[in-house]
Every structure is written in C-alpha cells, then in structure tokens.
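The chains carry the letters A, B, C, D, E and F, assigned in the order they are written, with residues numbered from 1 in each.
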Amino acid sequence: MSTMLHLINRSPFDAPALESCLRLAQAGSSVLLIEDGVYAALGKAAHAAAIGERMDDLKFYVLGPDVAARGLEDKPLIDGISVIDYGGFVDLVVEHEVTQSWM
Amino acid sequence: MSTMLHLINRSPFDAPALESCLRLAQAGSSVLLIEDGVYAALGKAAHAAAIGERMDDLKFYVLGPDVAARGLEDKPLIDGISVIDYGGFVDLVVEHEVTQSWM
Amino acid sequence: MEPWEEDGPEVVKRFMYVNRKAPYGTIYALECLEVVLITAAFDQDTSVVFVDDGVYQLKKNQQTEGIGMKNFSNTYRALDDYDVEKIYVEQASLDARGLTADDLIIPVEVVTTENLREIMAQQDVVISS
Amino acid sequence: MEPWEEDGPEVVKRFMYVNRKAPYGTIYALECLEVVLITAAFDQDTSVVFVDDGVYQLKKNQQTEGIGMKNFSNTYRALDDYDVEKIYVEQASLDARGLTADDLIIPVEVVTTENLREIMAQQDVVISS
Amino acid sequence: MNQPMKFGILINEGPFTHQASDSALRFAEAAIAKGHKIARVFFYNDGVNNANKLSEPQSDDRDLVSLWSELGKEHDIDLVVCIAAALRRGIKDEVLKDGFRISGLGQLVEAGIENDRLVVFGD
Amino acid sequence: MNQPMKFGILINEGPFTHQASDSALRFAEAAIAKGHKIARVFFYNDGVNNANKLSEPQSDDRDLVSLWSELGKEHDIDLVVCIAAALRRGIKDEVLKDGFRISGLGQLVEAGIENDRLVVFGD
C-alpha cells in the first residue's frame, strides 16, 4: 500500500472536495489544506465535525501562508491540525509515496 | 419590486449555487437550470426535495438542449419543471425585469 | 468634479454586486471589486452584497506576503470614498463560518436572509460572482 | 506495433485517473480522457475511476447537437481498444444521483466506497479532475 | 410576441474550459432570431480569452473565437474585451480577433445602463 | 534531512484567475531550496495560459509568466505546454514565453513515470 498525501484546495462550503476526500482516504493517509481549502481548518466552522471524525486515522495539516493571507491567524484552528509552510509542504510530498490533489 | 429570473449553471452536487438561490430568491421569481445546473432537475436525485419545498412560490424551468447533451432525456424530471429551448430562455429573460446568474 | 461626471450617462440604475467567493483562491473577488468602483464612478446606485464564502473577502487581518499575491483587502475601505454605502452581509453566511461583524475590515449592514431577499428584488442589474 | 512501443519507457507505473466532474459544463472530463488514452498508449498500468459528478460522464444517450459541442461519450468505448480495463464507479456516487450501472455507456466495475479506498491506495500516480 | 429588446451580455470564462461562451452564443443567436438586438458582449475575467485569434480547435470542434467574430459582424454587436483583465492574461492587439475591441470596464457599466437586460454567463 | 528527489508538477489553471500557478511556484521554489530537483512542469487545460508572453500584470502585481520562465532557466526545469490544450486556447509559438516549449501529452505521462513524485495544482 502506498502512503498518500491528499491535497485539498477548495473551500468546504463551495465544493465537495474535502467531503469526498474524507470519504475515500485510506486510514493512515495525510490531508493538507491549501488555498481556499484552509477554511476547513477553522474550529468554529461547520466542517470541524467531519474532520474530527477522522482525526484518529488521518493526519491533518494546513498551509500557514494561505491561513495568513485569508486573515485567519486570529481564529482558533481545529485542535490537532498542524500548521506548516511551503517547506513543510515539500517534506510531506517527500514523506508520502503518492500525492493526490482533489480538485 | 423587480420580477427576477435566476440562472443556475452549476451541478447542485458540486457547488452551492442552487442552494443559495433557493434561500435568497424572492417569492414570485423564476429559476432556470442550464449547463451542469440541469442535474438538479432529476426527480430521483438528492435535490428534488429542496426544489419541491419552493415549488409553490417559484417557477422552475430547465434548458432542454443541456438536458439532452447530458443524456438525461430518458430520466424522469421533477414534476412541475418546464423544459424550454434557447428561444424560451430568451423569452424568460424578456418577461422578467432582471436576470441574476448564480455562479 | 471628475471628468466622467461631466459627460457621463444621465440614467441612474440600481446595480447590485453579489460576492459569493473567497478571496485569493480565485480572482473573482478582486475583479468584482474593480467593477464596483467603476460603477460608483459612473454615479450609479451601487449596492454590494457578501453572502456564502463572499463574507471571507472582508475578513480583517489579511497578510499575503507569504503567498506572493497582492493584498487588496484595504481597497474595500475605498468603497466609502466612492460613496458606496449600501454594503450588506448576510447574517446566516457569517454564522455558518463562525464570524461576526467584528471580524470584518469595514462597517457593513448585517441583514437577515429575509431582508436580503427584499433588497435583491429591488435592483435593475445584478451581477454575481 | 505502434511507433512509441519500440522506444517507450520500460518502467510501468500504476496511473489512476479520478474523474469527479460532469461533462460539457467544463472541459475537464474531455481533457482527462485524452490523458488516459495517452497513458494507455505508453503501456502503463492505467485505472480510471468515476466518483461524485464524474459518474455523469458515462451516462448513456448523450445528444449534444442542441448545445453545439462535440459528443465525446463514445470515446469511452475506445478504452477497451486501448486495453484500459480497470474502470471503477463508486456505488454511493451512482445512488446519490439516482443512477445504476444500466444507465452507463460502457461496462464498469461498480465498487463500494471501502473497495475504492483500497484501490486508490495502491497507485503510483493519481491525477484527479 | 414580445416587444423587441436590447440586450447586453457579460461573459466571464474563456472558451472550451467552461460552457459559458457556448451558452452565451446560443442565447445570442436565439435572441437575434426572435428579433431582439444584442448591443454589446463584454468579455471579463478569463472571458477575455474568447478574443484570441490564435485559437485553433480541432477540425471537428466548434471555433468559438471565429463564431463570436462572425456573429458580431453580421449583427453589428459591439464585442468589448476588458483591458485590465486582458493585460493580465496576455490578450493584446497582436492576438485580437477582428471584430473585437479592447476598452475599459466602463463599457460594462454602460451595457448595464443602456440595455433593457444584462445577462451574465460564467462559472 | 530527506533524500533529494525529482519532482514533476502539473498545472491545470491559468495565471491570476486561480491560485494554482502561484501555489505551484511557491512549492517549486521551496523544493529547490531543500535540494530537490524540479525536472518538469507540465501545463495542461487552462494551465497553458501561463506561457503567454504577452501577459502584462499591473506593476505592483506578480508577473507569473516571467517568474516561471526565470525559474525554469535558473534551475533547468523543462517547462512543457500541452499542444492539444494550447491550440484550442490560442497559445502558439508566436506568443510563447522563452523557456517554455510546446509538446505532446506524452510528456505528462513521462513526468509521472520518470519522477519520484508528481504534484498537481488546479482548481
């Protein structure tokens, strides 16, 4: 089995990418939220529960520069999501055998 | 008050355009489903109930050429949705004072 | 008096711009803002609505250095200079995203879904993106 | 033997294409199909998945004369000629849209969400659109 | 029969990638067939790519850039490409199909003011 | 420190309209900074518009076409524009920024075969 990194770049309110990824990602995979995908990381938004349900068997990351661009640094993120930079993004791609972008 | 025609061109599974339109359309308006928006007209799909709830105070239309292109002519559409062609589309735009495209 | 005011069209219509997309992920927010400013410069009766992910456009504290894109959020402050005073944000859209009016970069009128239905139904031209 | 087979790369990887968009409204379905055929021509181990609105790509009976666009649905029949035999459709995606395998233009393997998780986790390259 | 009207059209997406340009073309043809006037088509956002004369679709596909150019000439439609959107995206006079012209966003506002209806096609 | 790897990148959206090209650029720069190799960037769908040398953003905005061209030259990245996607959208040699080349879809498949990782940026 390949270890997988799932990339989500669409707002969870605007596109079903995150929802489909959470349905289809194999346990042990990682999910990185980038671009408008970072809105899913907000603790108080509607999708926290869906992410919470898979917090035990998936790892979640969010791209810090995209969080800052959208003015979300003053908002609490969901507990357990790690904030990374572009270098961390590269490391995740290296550490997982396959990267799948859900567009 | 202006009479309004609402245009929906996105699949209801892929974008919240229809959902937002149904929430914000004033009673007495019309809704025309075009392009990938026509999938919302399928009687057996998940969005039939949301349309049904507003069937009394909105009029619903679907663009026939877009239905045919997607192979949906052999599928039952929601009762009460009128199938029109591009000429009918033009007539609807004329008959309503304002056309709003939900993209 | 600006040059366009002298020869500008005399008809005044009610233009409404409905913003439904988040900023930066796509350009629609920025390019819509450019149209709003031009519409105001043409002395039209201009309203701007933020619903769905559009409310994110007004989030305070945007810092875009890290993504290499231009921060255009301060341009919303220019709406006032252009006499664009009809700025509406749907309460339900804020609520769904855990935001309040205090999170926004400019003062807006927070309206109910029912209010917004009525406001939208009073326009002559509606452009949504 | 086709010309590319002679000099083609000898590595065989498992390529999976995940179709999640409806046809015609956007070009992604068509341009993805073009990549699938090239990948097969390069003798790679090619799988094609249809989930979410992607299942609409395979709907029988598409008639595009009225919209002036090219009907490319028959090209899915060519997958067999290119020896692309791993074609998966998610049951849950069909169900949500009121469709069954009988609605589809080609024979496919209808799989559960759980099956699909496992199949997707066995690839070397995954391209989704 | 409805009274003849004047329409403005706004196209926000490029050709081929989205159906917007196709739908707008079908709509314009149908409006003209019913005796209405398409006064102006304004190309904004990626819509500016509809004016790129280098576009060369496959021979069995529709040629949207030419179709707009021809419809414009035949029915005296003002095909306006937004200069700000076009500069970003590299649509300049060098690649501008005949029948189109590049101008400012004010032309969109005017299209809203001066026509009976403005219809938007995008994604 | 991870082992240096070879990456392929696929970009499916044009510049400015979607963040895809920006994100890919930031990713590529970060990968290079960590000692990895970006072997090829393949431009598909509207991504072909990233190669349009006529693109002229406002002076205070980033110039994505030039940024790709420069990054490609500096780090020997093969910038490949898909010919089928480019023809439809009017991206031809006449407007091709230096540093890019136009070729077939097979180059994308090769990028998947020959690199350790393929990362897709789109919308």
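Rule of thumb we're sticking to: a residue touches a chain if its C-beta (ideal position, glycine included) is under 8 Å from a C-beta of that chain, and two chains touch if they have at least 3 such contacts.
In this text the structure is predicted, and so the values were computed from the model without any measurement.
Any chain that touches subunit B and also touches subunit E is listed here: C, D. Across the two candidate interfaces, C-F and D-F, the one carrying more C-beta contacts is D-F. Greatest Cα centroid separation from subunit A: this falls to E.
As a whole-number value, the distance joining the C-alpha centres of subunit A and subunit E reads 39 Å. Averaging Cα coordinates per chain places subunit A and subunit B 33 Å apart. Among the residues of subunit D, those in touch with two or more other chains are 24-27, 52, 67, 69, 124-125, 127-129.
Chain contacts: subunit B has residues 9-10, 13-14, 16, 35-36, 65, 85, 98-101, 103 touching two or more partner chains.
Contact of a single residue of subunit E with at least two other chains is seen at positions 12, 16-17, 19, 23, 26, 45, 61, 84, 118, 120, 122-123. In terms of which chains touch, the assembly is arranged in some other way, matching none of the line, ring, star or all-to-all patterns. Pairwise chain contacts in this structure: A-B, A-C, A-D, A-F, B-C, B-D, B-E, C-E, C-F, D-E, D-F, E-F.
Here subunit B touches subunit C in the complex through residues 1-2, 4, 16-17, 20, 23-26, 29, 97-103, going by the rule given at the top. Against subunit A, the residues of subunit D that register as touching in their complex are 18, 20, 51-52, 92, 113, 116-118, 120-129. Remark: subunit A residues 7, 9-10, 34-36, 65, 85-87, 89-91, 93-95, 98-99, 101, 103 touch subunit F in the complex.
Within the complex formed with subunit B, the residues of subunit D that make contact are 21-26, 52-53, 56, 59-67, 69, 71, 73, 96-98. Of all residues in subunit E, only 16-19, 22-23, 25-26, 60-62, 123 touch subunit D in the complex they form.
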